[in-house]
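As written, the chains take the letters A, B, C and D, and residue 1 is the first residue of each chain.
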Amino acid sequence: MRGMVVPKDSLGELVSKLSDRYKIFGPKRKGTEWIFGEVESADEMDLRYSTTILPPRKFFLPTSERLFSFRMDGRVEEPEEPDIPALIFGIHSCDLNALLLLDAVFSSGQFPLPSYVKRRERTALVALTCTEVGDHCFCESMGTGPSPAGGYDVLLTDLEGEYLMESGSRRGDEILALARGREASKGDFDRKAEAIERAKSKFKRRVDLRDIDELFLKNLDNPIWERLGEKDLACGLCVNSCPTCFCFDVRDKLDFPMDSGVRYKEWDACVLLEFSQVALGGNFRRDRSARIRQFIGHNLGWGGASQFREFRGKAKCVGCGRCIRYCPAGIDLTEVLKELRGA
Amino acid sequence: MSEVMEIRVDYVARVEGQAEILVKVVGDRVEEAKLAVFEPPRFFEAFMVGRKCGEAHEIASRICGICHVPHQVAALEAVEDGLGIEPDEQTRALRKLLNYANHISSHALSVYFLSVPDYFGKPDVISMASEHPDLVRNAIRLKKVGDDITERFGGRAIHPVTLVVNGFTRIPTKADLEWAKKELLNVKGFAMEGVDFIAGLDVPDFERKCEHIALSQPDQYAINEGRLISTEGLDIPPREYRDHIEETHTDYSWTKRSIVRGRDSFLVGPLARVNLNFDRLSDDAKEAARRSGFKPPVFNPFMAVLARAIELVNAIDDSVSIIENLKLDKGPVREDSFEVKAGEGFAIVEAPRGILYHNYAFDARGIIQKADVVTPTAHNSRNIERDLEALAPKLRDLSPEEAVLMCEMLVRAYDPCISCSVHLLNAK
Amino acid sequence: MRLENPYLAEECVIKGSRRQTPDVYTYAISYPRGSRRLRTPFMPGQFIMISVLGIGEAPFSFSAWDDEKAIFETTIRTVGNVTSAIMRRGEGQRIWVRGPYGRGWPMEEARGKDILIVAGGIGMAPLRPVIEMVARNRRSYGGLEILYGAKTPEDLLFADEFDSWRSIPGAELLLTVDSVPRGTKWDHGVGVVTTLFDKIRTEPNDSIVMMCGPEIMMKFAVKGLLAMGFRPEDIYLSLERRMECGVAQCGHCQIGPKFVCKDGPVFPYSELRGLPDLLA
Amino acid sequence: MKPKLAVVKMTGCAGCQMEVLRIEDKLLDLTGAVEIAYFYMATSANRHGPYDIVLVEGSVSTPRELRELKELRDGAKLLIALGDCACSGCLPSIVNWVPPEESAKVYERFLEIHSRKESFQRVSPLSAHVRVDLELRGCPPNRDAILEALKGALLGIRPFLREHPVCVECKLKENACLLVCEGRPCMGPVTAAGCGAACPSNGRVCEGCYGPMSDANASSLAEIFARRCGLSQEDIVRKFRKYAGLMPAFSKEAGGKI
């Protein structure tokens, strides 16, 4: 294992070197919250952020994306190659693992999505071990944090005053080569392990995943779904902030004067009424209770993970807690799970 | 035997709202000269009672989809007056910028889309496009600049959303300001040419001296604040409005009509503003006006079209100087970040069509107990009829079509906003 | 390596259309000979995504195909934007197609076994190629029993082919309708499709059921068949769900862990049992 | 032959028509595809009906409008309600809760005028009287939606309009939620999208100007307003009795049917 230890105040220098090669995105303040946004220097970033409003999937599956454009005479044009190489700085372990799940949907299998694959290839990921734990986090239970086991180019761990930098790829080696610091020692890795242990002891939420698929399938008629359906606003905040939700719609849009147009996709959410609507007003999940059951069931139970055999996580959910943090109605999937278990 | 001439326009086109014109001349006597509004009333002042004072401007905005910004500004100022809130420089500057944007959009629409086609014998601006492509394209651009500024600064082009009591929920960025300045300067040239172009139109030769009323401020062209002055010596603060101006009803129109107490009807709008505040116009506007032969005071109501063209130049210039002087040192405020208390407030704002009066009284919880709104078109409606009366005898020399057109052109020169005018409440 | 954009469709031409019922037409569509994907062998029960540029895309089953002529047929009920745009496009006009996608009918598993087909309304469309395949490979399959129900006699698809279906050796066709308008001649059953169940001759052992129709019909049919001794793993249903992609990405067609587009649209009942949002 | 388009005004503020005019850069393209046969605010060349595509701004508040609406409906292939006034009554629908005597006070000689120019002193959406083929919500509806509707009309399809909540657009713009993060009473969760989350993106709570979304859970939001934002019962009624209090989805929270 190769690693370096760099002083915290050298981060600015590293970021400015990296910005010659990459367009850099990092966690920035937005009101009371944070977003991943473009940064020019290290001090625009707030690496002590809890979670961002939208997860990093927005970079790989943009909220709205052209699949191709066409002219009415049948000529079709594919979108250009995605833009210059990018680097996402400070991605948390949960969000990183979420990308690994999305990989199983969009870059493997029979029909990989070229734009996704290219964006993933061209984007360097500098991950961050979480040494602090947010009120809504439960990544530990999901096996996705607080420190990632892989999938990053570089992993940063805050060792108070300095960062341990580990490389996870060739690209990571190159990034490390730009850093100014010393070779990491065994002692440094021990400090990292301690930091992780300390973080683990701070989790306020834990979920019990034993026999989770069966638990949900057994409880399809549990009255809890009715109750949640009454509270649920079907506003979609949970799905749209979820790092692993990947559903989208495909639509056509014609330009005036209607001789050309685009086919594009846009994020959609299973909690919305229109999601399961078919012709003549048919709908397979008309009731809010069925839709909230789908959201929670797909995230925790009935094989959200097993749907994509390549993905080795325990469930679709990575425990980032966004859906809990952002639900106006206070719906909390960890509490739902507890209730299903009769606790 | 006396000859009878009758003019009936049962739905005046190219004005906002629904109104008819009725003129009847028997011999030398004008028997009837009416602008009858059949646009239904919407009872705004009735249903604003019981709402919160912080909502007044949002609701008032829906009185008119063309002059929504001045309605919002007037309501905000009146509510702030009642709450004892003195808005800061920046807020006042941004409001003025937005009101100017509204004037630009509305004037561009009125001059080029609604009035100009008459002088070319066309039914609308679209049918002018093939013969005058540049004029039409530029007119559209000019209007769009006004709309776009409102959209960018106000969050929406029509019924903007960022204006609230004591500030804005979003403060424009430096980039927004630079963008706006560039956009404004882009259309400046056309606005200047526009003055010459309008001055070159064959405007009917007609004059009727009447009282002109407008807001006025000593150091700037007044649109959002100031005292009410007139060509007959009126000079009052907004809260004394009701002491001097009264409204009457007729049985044939939903619009109420105003007169100066003890005097007669009066004219408000661009012509009144330019007449009364000529000196405070921007240098280029003044220069363009002089070149066009506009010598205040002008008492030909048809010349309001030219006054609008002059005001377009002024609005652009003044907006640019507001932008250049803005420091943006005050942050955004929430829609509810003010303390409520009982009070009553008054405000007068210049909408594109003239002065707009708002007055609210609310209780200690800030719930509106009384609302009183008088719009420019209500101010003008009696005066339009007086003009029609004076114009009518001259119409006999014209063909019936020309006579009808002349009446319509007169009404269009006032650019009445009829939706605005049909929800008046006499405050009691 | 250059990845192919799975959403790009191929330009195809409508060769002709036949009216089946007042709102259902069968379209013959020819695809380009050098076609990239459309040349992959079709399986009965699979589906394709058809689009009209500027209007949108929707999933449809094959109702027949002919590889030699590079033509396939699809039978479409006009219900909304895409379907009515297809209907308005006449012969010789272009549409865009991608696929085929999904898991079709268990033609391999059915070899040597009796086949019982249960269809309701437009649900006959994806089953028609099964009948043709059995007819063409008569000796590979056992008995063929077809139960078909529709709203009224007018709503039965492929009525002009019923005689040739009946003439397939060992084949049986039983028809029923919900109601018969006055004046219409009708010498078959009246009632929902399950009312035909006591006439079923197919033995539950060593047979395969293939079913497609409204979900509520399938719910009751499955119940009846289970009661008659058919095994859940021998009853195959074709499901319909909202689909925006056809390639297991858009998420719309999920039923629990299953994607209807990828794992289906044809499923043995044994795989569906106990899943959410099913069989309304 | 080009389909005939009419833009008709009933009881409204003309803001929706102004939004139609805001498609100015496409207006010339549009006139290539449709004949603008009736648009009083923009032209004096207005033809008699029937018209193929009718956009109606404003609500119904007089017998005269009701007669006109029925006539337009009879002749129209497509009747489109343009904006909140036409779809739900908009802000002026608040007057429906005001006793007629009160609103009559607006006019001193109300009855006298009434004999000539009648008013119901109530507003109602078009759909209360005739079949409406498409509703363009919003005060005013966004010009993009107006264009989509016109394109749909020309193509013979149902245009895509956002019936999901404002929150969806708000989140796609990555706004920090005002309701959750600041405890402010935002109507976004029950309001139909289409505005691009204009208000929350500009630091202001949604006031609900697009009316109820397809699956509005008004009672749950009302409860959240009371619990999380500290709104009084009266305030909650005012929130729902605003742009669309007449709509069934809001009517209970708006203080009941009237």
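Going forward, a residue touches a chain if its C-beta (ideal position, glycine included) is under 8 Å from a C-beta of that chain, and two chains touch if they have at least 3 such contacts.
Remember, predicted model here, so these are calculated numbers, not experimental data.
The count of contacting C-beta pairs peaks for the chain pair B-D.
Distance between Cα centroids is largest for the pairing of chain D with C. Inter-chain spacing, taken between the CA centroids of chain C and chain D, is 43 Å.
Per-chain CA centroids place chain B at a distance of 65 Å from chain C.
Rounded to whole angstrom units, the spacing between the C-alpha centres of chain A and chain B is 52.
Here the spacing of chain A and chain D, counted between their Cα centres, is 38 Å.
Multi-chain contact residues of chain C (touching two or more other chains) are listed as 54-55, 80. Among the residues of chain A, those touching two or more other chains are numbered 251, 254, 258. The full set of touching chain pairs reads A-C, A-D, B-D, C-D. Interface residues of chain D, counted against chain A in their complex, comprise 26, 29-30, 32-33, 147, 151, 154-155, 160, 163-165, 167-168, 171-172, 174-177, 179-182, 188-190, 214-215, 217, 219-221, 224, 228. By the touch criterion stated above, chain A contacts chain C in their complex at residues 67-68, 70, 72, 74, 76, 78, 105-106, 109-114, 117, 213, 217, 220, 245-252, 254, 258, 261, 263, 265, 268, 270, 275-280, 284-285, 290, 293-294, 297-298, 302-304, 306-307.
Residues 155-158 of chain D are the ones touching chain C in the complex. Those residues of chain B lying in contact with chain D across their complex are 11, 13-18, 38-47, 49, 51-52, 55, 58-59, 62-66, 68, 109, 113, 117, 123-127, 129, 140, 143-144, 147, 155-159, 161-162, 164, 169-170, 249, 251-254, 332, 334-336, 408, 417, 419, 423-426, 428. For chain C in complex with chain A, the residues that touch the partner chain are 2-8, 11, 51, 53-57, 79-80, 83, 94, 240-242, 244-245, 247-252, 254, 256-257, 259, 274-277, 280.
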